[in-house]
Amino acid sequence: MEIKREPVPRGARPTGQGQGEVEIDSSGLRVNTHDSKELLRGAELLGPTAPASMDGEELERYVHERVLTTTLEKAVSWGRSNSFFPLAFGLACCAMEQFQTAGPRMDIARFGFEAFRASPRQADLIILAGRVSIKMAPIIRRLYDQMLEPKWAISMGACCSSMGVFNNYALVPADKFMPIDVHVPGCPPRPESLMHGILKLRKMVQDDPDAGWRERYGAQGTEEILPGA
Amino acid sequence: MTVADQQLSEYRRREQSITLSQVEQSGEDTHEELLTLNFGPHHPATHGVLRLLVTLQGEVVRSIKPVIGYVHTGIEKTAEDKAYWKAIPVVERMDYLSYYFNSMAYVGAVETLLEVEVPKRAQYLRVIHLELNRIASHLIWLGTSALDLGAVSIFLYCLRERELILDLFEMSSGARMHTRYFQVGGVMEDIPVGFVEKTREFTKVMPARADQYGAILNANQIVLQRLRGTCPLDAETLLSLGVTGPLLRAAGNPWDLRKAAPYSSYDDFDFKIPVGTVGDNYDRFAVRVAEIYESVKIIDQALDGLPEGPHITTDRKIALPPRHELATSMEALIHHFKLVTEGFRVPPGEIYYPIESPRGELACFVRSDGSSKPARVHMRDPSFVNLQALSHMAEGSYIADMIATLAMLDPILGGIDR
Amino acid sequence: MPDATGLELLAKELQESEGMGAEAILGTLYFRGHATLEAQPQRIRAVLGRLRERGYRSLMSVHGVDYYPHEPRLGVHYELLDMDKVDRVTVVVRVSTDAPDLDSVTPDGEDGKGWPTADHQEREIYDMFGVAFHGHPDMRRILMPEDYEGHPQRRDFPVGGEPVIFTYNEHESSGVTR
Amino acid sequence: MLRSYLPAIVFLALGGAVGGIFTVLNTMVGPRRRTEHKQDPYECGLPSEVKRGMRFGISFYLIAMLFILFDIEVVFLYPIAVQLKAYGGFALAETVTFIVLLTVAFVYVWRRGALEWR
């Protein structure tokens, strides 16, 4: 079976859920396809990374469009990426390490991230620090909707990215109800790894994302197999 | 009284009769209706995802109904699915600020079921780590509570001290939080060489730092006015609500399990139990800050009297044999294999093992049905019970006092929602 | 801790006290130095009231247990503490799943004072095990969402969660189709 | 005549320009996406019933008025404090009477118990 190598659209990484699009109707949480289209369109605000297989006239148009707006967009994304206002949103144990990241030793103030805002209107980065229970998921989804564009999301810790230690009835991985840009592994992640995650997001916003581990280590044969691909 | 005074007083009498409260009375029933507001799950002052349904009349809080469960992770159900020694990391993540206390309660319960005798050195190491964790937990409480009262700098000072403690945890067990350092029967590893000296450095520095917090907060008129005399609750009501820990001690009842029912050789150390008198927010604040000094004293005494000997029980059926023995002796290999695959079996029975956590009586109920998996693990979390006292304390006070009371109650939502 | 004989004496005294009768205390157990009394479900308020007069004035914890293979399946434990004599005793009540209801000990019923500390804990037992407490001021779920079906901590409730995907069985699972 | 006012004019122009640029830049560069949840009021992540026409209690209005009264007092003191030397004794007397008048108002309000929150 020939696996066509095409980049996985952002926000649609298969995160190993058994029954596909989960509708947890018990708590009114519904991620229908129409909503996710909107999220995908939202992803273009960051500027699509250049697909490998473009040529001829299509490449020409692509370059022309980018060169024209590149200086302004680069300046704006430089400004945005260097002054994220994270939403003060501690759920559980990772929040304690999030405090330590904002604390004197690790001090993310060096990168301009320490202004933790309480209201989603003033924040442009939501760090899900902790475990997301099924009762909390609709609330986080509403908070994410109430944040103003441009907005990004970091899921800090294993519980938020993949239900971590507690693979049971009570938790929902954050990927299921909102697009996550950076997953920070660890339980709880050390302040350094959270900062590494934020700096990786910074480079993504400045439109030259670090090479993923597959590109870096030339890992062939481990591409995500999308259904029907 | 001159004539002018006469008229004046007559004028003054008429004028005094229109007192502001009269004006306000008429305001009472015309448009002053109650407003129910969500002091919701995402709020900077709720110390976690606690939602309070608050009914307000202007600035005065008329009724508080806590709604919890927003970080419920089904930990007790997950623990039933794991072998005994695999359940320790799961149980540790309940009350995520005092993780050593969770594992101490669970491990204590399993050891009572197994009737394992924990060696003296392991008991002392446990006490050192428990008290370090108590200081770290009080520091986060002090930092976030001062943040609620507006003193932002204290937050950064407390985090600076907490980093020192987390370094010690990392040195002894490799991880900063949820270290899984307590094993059934003792401690996982013996402490490295430089640990004792580093802890001594910390215990020398900590009282001076605590004095710095005192210097900033104790003489600060804003903090004193916000805390003194607000939302008191007498010891009798607290007892009927099942409240234990610093909240109960602030009301004058010196109930502390480390003194009342000493466990893990707490009776070898002499330390005092700080007790308040009035039971208002300032007493709760002062009791916790004084406990930091007491914990430092306990750590010093434990370091002085640290005995030699094994750091874990020598009973091979429960503790893993040391690695180097695996190459030589067959029994060690068999024990190692048995423990690593299925884990040890615990005789059937139920036990309720209470210890003193920074927030009150933390007890672990373990029921075993003879297999190698616990049949039921329940954590009696102090914050879960203490939260019920919030409505008794803060009803009738202003919103600002309710926030200060919630800060002094020190609820940890991981322990409440389990 | 009341030692074994103390426990027997306590049980006998409870049985003889007026308004109780022999079947009020169904059994006693002394295990690892911890005294446990098994009471009859209908008389739990009276038993706790009598123990309160005996000195056990603080109710520390109320929690549920599912004794799955044994009938009656659902158990509710009341941990009592006497702060003056530092003495603990546990009162266990066994209820079957087809009639899981008990009298709530929270409100101050006509038979004397109640235990306000049991308010949230009884709601948690109802939420997790399905034991309904009559007379409870606010009998609702406390941890799970209000409209959640099923009682998660019963032994026959599946632990749930996602099947962990390893690379070899990636074909079966369809992944997130967006 | 205009020369002596030049610094004030430059100052005003600069302030207006910087403020204007930021607001315009925001609307021009920032993306706009209307989602249905974004419009309703933020109440800690929950749907809130607080409508626009919510009525506040009388006490809030009272405190607001008192604040304005005494805050404006401070605003007037600044220019005097800066130029005290130029005007000499006259400005001092003027300020003292100004403050005494307001203190009388303050004592009246205090005695009538308007400062306690009810």
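As written, the chains take the letters A, B, C and D, and residue 1 is the first residue of each chain.
By definition in this document, a contact is a pair of C-beta atoms (placed from the backbone, for glycine too) under 8 Å apart; a residue touches a chain by one contact, two chains touch by 3 or more.
The shown structure was predicted, so the numbers you read here are calculated from the model rather than taken from an experiment.
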Chain at the geometric heart of the assembly (C-alpha centres): B
Pair of chains joined by more contacts [C-beta pairs], A-D or A-C: A-C
Centre distance in Å when subunit B and subunit D are each reduced to the mean of their C-alpha atoms: 42
Where subunit C and subunit D are represented by their mean Cα positions, the distance between them in whole Å: 58
Where subunit A and subunit D are represented by their mean Cα positions, the distance between them in whole Å: 40
Junction residues of subunit C - those touching two or more other chains: 144-145, 152, 157, 159
Per-residue overlap in subunit B, given as positions that touch at least 2 other chains: 40-43, 69, 72, 74, 77-78, 417
For subunit D, residues that touch 2 or more chains besides their own: 45-46
Pairs of chains satisfying the touch condition: A-B, A-C, A-D, B-C, B-D
Residue numbers on subunit B that touch subunit C, as the complex places them: 68-69, 72, 74, 76-78, 80-81, 112-113, 115, 239-244, 253, 255, 260-261, 349-352, 354, 361, 363, 365, 367, 375-376, 378, 380, 384-385, 387-388, 417-418
Subunit A contact footprint on subunit C (complex, rising order): 144-145, 147-149, 152, 157-165, 167, 170-171, 173-178
Subunit A - residues contacting subunit D, complex: 38, 42, 45, 72, 76, 119-121, 139-140, 142-143, 145-146, 148-150
Of all residues in subunit A, those that touch subunit B in their complex: 88-93, 95-97, 99-100, 102-105, 118, 130-131, 133, 135-136, 139, 143, 159, 165-171, 187-188, 190
Parts of subunit D lying in touch with subunit B, wherever the complex brings them together: 43-46, 48, 50, 54-60, 112-114, 117-118
